[in-house]
Amino acid sequence: MLTFPVIAVNEAKTKYLFDNRFGTGQSTLDGILRATDILIAGKKFVVCGYGWCGKGIASRAKGMGAQVIVTEVDPMRALEAVMDGFEVMPINEAAKEGDIFVTATGDLNVIDKKSLTKMKSGAFLANAGHFDCEINLEHLALISKKVTQVNEHVREYTTKTNKKLLLIAEGRLVNLGAATGHPASVMDLSFANQALSIEYIMKNHSKLSSQVYDVPLNIDNAIAKLKLSAMKIKIDKLTEEQKKYLNSWE
Amino acid sequence: MLTFPVIAVNEAKTKYLFDNRFGTGQSTLDGILRATDILIAGKKFVVCGYGWCGKGIASRAKGMGAQVIVTEVDPMRALEAVMDGFEVMPINEAAKEGDIFVTATGDLNVIDKKSLTKMKSGAFLANAGHFDCEINLEHLALISKKVTQVNEHVREYTTKTNKKLLLIAEGRLVNLGAATGHPASVMDLSFANQALSIEYIMKNHSKLSSQVYDVPLNIDNAIAKLKLSAMKIKIDKLTEEQKKYLNSWE
Amino acid sequence: MLTFPVIAVNEAKTKYLFDNRFGTGQSTLDGILRATDILIAGKKFVVCGYGWCGKGIASRAKGMGAQVIVTEVDPMRALEAVMDGFEVMPINEAAKEGDIFVTATGDLNVIDKKSLTKMKSGAFLANAGHFDCEINLEHLALISKKVTQVNEHVREYTTKTNKKLLLIAEGRLVNLGAATGHPASVMDLSFANQALSIEYIMKNHSKLSSQVYDVPLNIDNAIAKLKLSAMKIKIDKLTEEQKKYLNSWE
Amino acid sequence: MLTFPVIAVNEAKTKYLFDNRFGTGQSTLDGILRATDILIAGKKFVVCGYGWCGKGIASRAKGMGAQVIVTEVDPMRALEAVMDGFEVMPINEAAKEGDIFVTATGDLNVIDKKSLTKMKSGAFLANAGHFDCEINLEHLALISKKVTQVNEHVREYTTKTNKKLLLIAEGRLVNLGAATGHPASVMDLSFANQALSIEYIMKNHSKLSSQVYDVPLNIDNAIAKLKLSAMKIKIDKLTEEQKKYLNSWE
């Protein structure tokens, strides 16, 4: 039970629309490149999960010339992935096709026993979700007869059937494990949410109860405004006439 | 005051994530092509408003090779447009640059007096928002000395300063005015929401009060599932182990 | 045997780099939309041939949200398609996957008997190559028990196995058959090549022999320059220092 | 004067269509990320030169969410950049807009005195062309009052007007200086050209004269075929009927 008010920064738009998508998207690709030096163009790149992180990763992999395959359990997200131009299929089908696999689901054993068995020799495995449980590493070890650390960030598993599966960053967050995480120019948005939410609690705690609050909308919007201003980007303002017109619809 | 229960279909994910984005996106470009036969590649294409419709239009215009400029009044959407790779500027700046302008805001006089004055001769004007008030047509007429209907869908305004501004589909919805509206293969999602929501009200009206309801989540998800199935696309299911893991986080 | 000098306009860069790619690319999609009103997003779109026309069509289909599959006989072009992010496979494999097929090869029976047999019911067939022989229409008729003209541009073939295959524009050039061909703003480049080449022959015929010439490079470049200037786009000029540096490498 | 036959590998299609475009494209972005950790999305990214390298860099920068501006001296390439959806302007205009500048021209002082003066504080400078003369580094030093090495790969120049300009990898090739150069999976094509060309000379030197030859077309094509085969990608073959048809056009 909470004994003080809490603001859930992760639900702010200036957080999840940007950090999760553009931050994770870029830094995941960055981590894979630093770890492997492989050419992304022409590769089949499987993204497990099409939440904001998955969307970002899929978009950046496509932007680097990959053919992206998305796997999902949620029909809404799966349909969105299809309409965004990606191929969608079950992970056990994708397992046979992929050259690179990235998990971004927040769940466990997303790449599980069956999938590991079906993969092509030479496939790369990475995780951009929460923990190192998205790929069934225990099973990967179990089916392998030899494990070699081929460079700082890549571990090669030679399976008993003589396939080589290449695990990046031990299955931990690949952007932190093999690169330097999110760029400062997107973390600024997330940190601004934290700082301004703390300030908000300090100023308003007497009026708040011990529960979880969203980031106040005016803080969320103020951060977007500050960021645009820092980037020297100007936007329009509603005229009085326009405000009146919009209000006439309420 | 409502005297019966209502379901607001427009807020269903299978409606606004698809119809507004992919339907309006494609059909707006389609309408412009049918009306004008111009090459989109290499043109500066200004999209006013970066809601779901604006996002769809911007994405499709980019996909056809245009340089897209976005104008917005909302800082969050403006920032999203920037991160999506679009140039963002006030409409009065964009007015000087654009070859094609499309409004998608739901507001009035988004392209107003000042902007009309600043446009290049030969610029095309179209509306993909709600009504034919997004472009200030009255003012356009006022500053013109001659109006010619150059083809079924394009009206040429010759201004008193001898510029030619080309209005498509009388400033009415360009995808309906100059093309045939949204494709059936995206309207199916919207119509399914209507049909299943009506069925839901019929079956449950005794338990409902006279207010506006969202489309029930299970209907929304069921529609996504049906659509995937109609497209012969298979997705994954959570395993018992995964469900248990996810629940452990609640 | 030629009895007068000829200039082959089709080999000019300002012709094939633009007209074939951006003109055919856009107008092929335009033709398909006008004929069918289908949603391109989420569809599997098969492009047969990855020459300049095929490149343009593939790029525009991707830009509209399709998953593009390319078929080729030339390994160099096939490899280019792969690296450009497209899936490449033999036509008989693609036949089973595609929702829309477009031929752009200049050859005959590119979609042949076997492929026609393997297609999904509801598949659309169009040609953006030279003649109406790229799809084996004779065989299509042979395997069909019923042919219905469903609208001005689409003919539905019901096969003896009860599949429906939808032929657009009778297998003739889809951009001319169902739309209005290339936009003026790309044909200007092609016509400028014709006009300036004729002028060149008139002025220089005494020095020319009866053979096929390329468009003179300075004409080709002059057209690019004129087009940029018409679009009000300025570019850089080599400085004296830069010219000297470049020459030092010859 | 040559005293033995030479094959110019750089002109092979399996070299310049792939190595220069996909290799340099990816590794240039890779180098910039490793050196700077900046977010590419939303940045104005200026590419000087739209040859194969420039095309690759522009495409990858766009794929990472940047707004790309291209500068050129060649009208044909400039026009191609425009139609590919990029903004084209003179370097002295782009200088005022850019957040990141990459040169890929093979020329010197492409970013020269005037441009350096006009840049925004915080702009990044990198070179992906041949030598460290594409940016006028001498002048950059001259207008600076302080130079700090901020990390292994980035040098910060504080100008006398108090702007900060950030030079990556000393203006040397950024993909080699700050990353590991081209991926093996694209260099294989280039190395195959070298190896097979040497073999060709060994086997045929008695028939060759002391001049520069192109890579024989059958070697170039064979390499494309081998690469596809290594990627397990199958393509079509011309049928006898098709060959006959094509020959009938010669």
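In this document, chain identifiers A, B, C and D correspond to the written order of the chains, with residue numbering beginning at 1 in each.
By our rule, a contact is a pair of C-beta atoms (placed from the backbone, for glycine too) under 8 Å apart; a residue touches a chain by one contact, two chains touch by 3 or more.
These figures come from a predicted structure and were not determined experimentally.
Of the two chain pairs examined here, B-C and C-D, it is C-D that is joined by more C-beta pairs in contact. Most remote from subunit B, judged by the distance between CA-atom centroids, is D.
Subunit B and subunit D have Cα centroids lying 38 Å from one another.
One finds 27 Å separating the Cα centroids of subunit C and subunit D. Multi-chain contact residues of subunit C, defined as those touching 2 or more other chains: 22, 41-42, 62, 65, 82-83, 231.
On subunit A, the positions that touch subunit D within their shared complex are 22-23, 25-26, 29-30, 33-34, 37-42, 59-60, 62-65, 179-180, 182-186, 231.
Remark: subunit A residues 41-42, 62, 65-67, 82-87 touch subunit C in the complex. Every residue of subunit A that touches subunit B in the complex is listed here, in rising order: 13-14, 17-18, 21-22, 71-76, 78-80, 82-83, 88-91, 93, 106-110, 112, 220-221, 224-225, 227-228, 231, 233-239, 241-242, 245-246.
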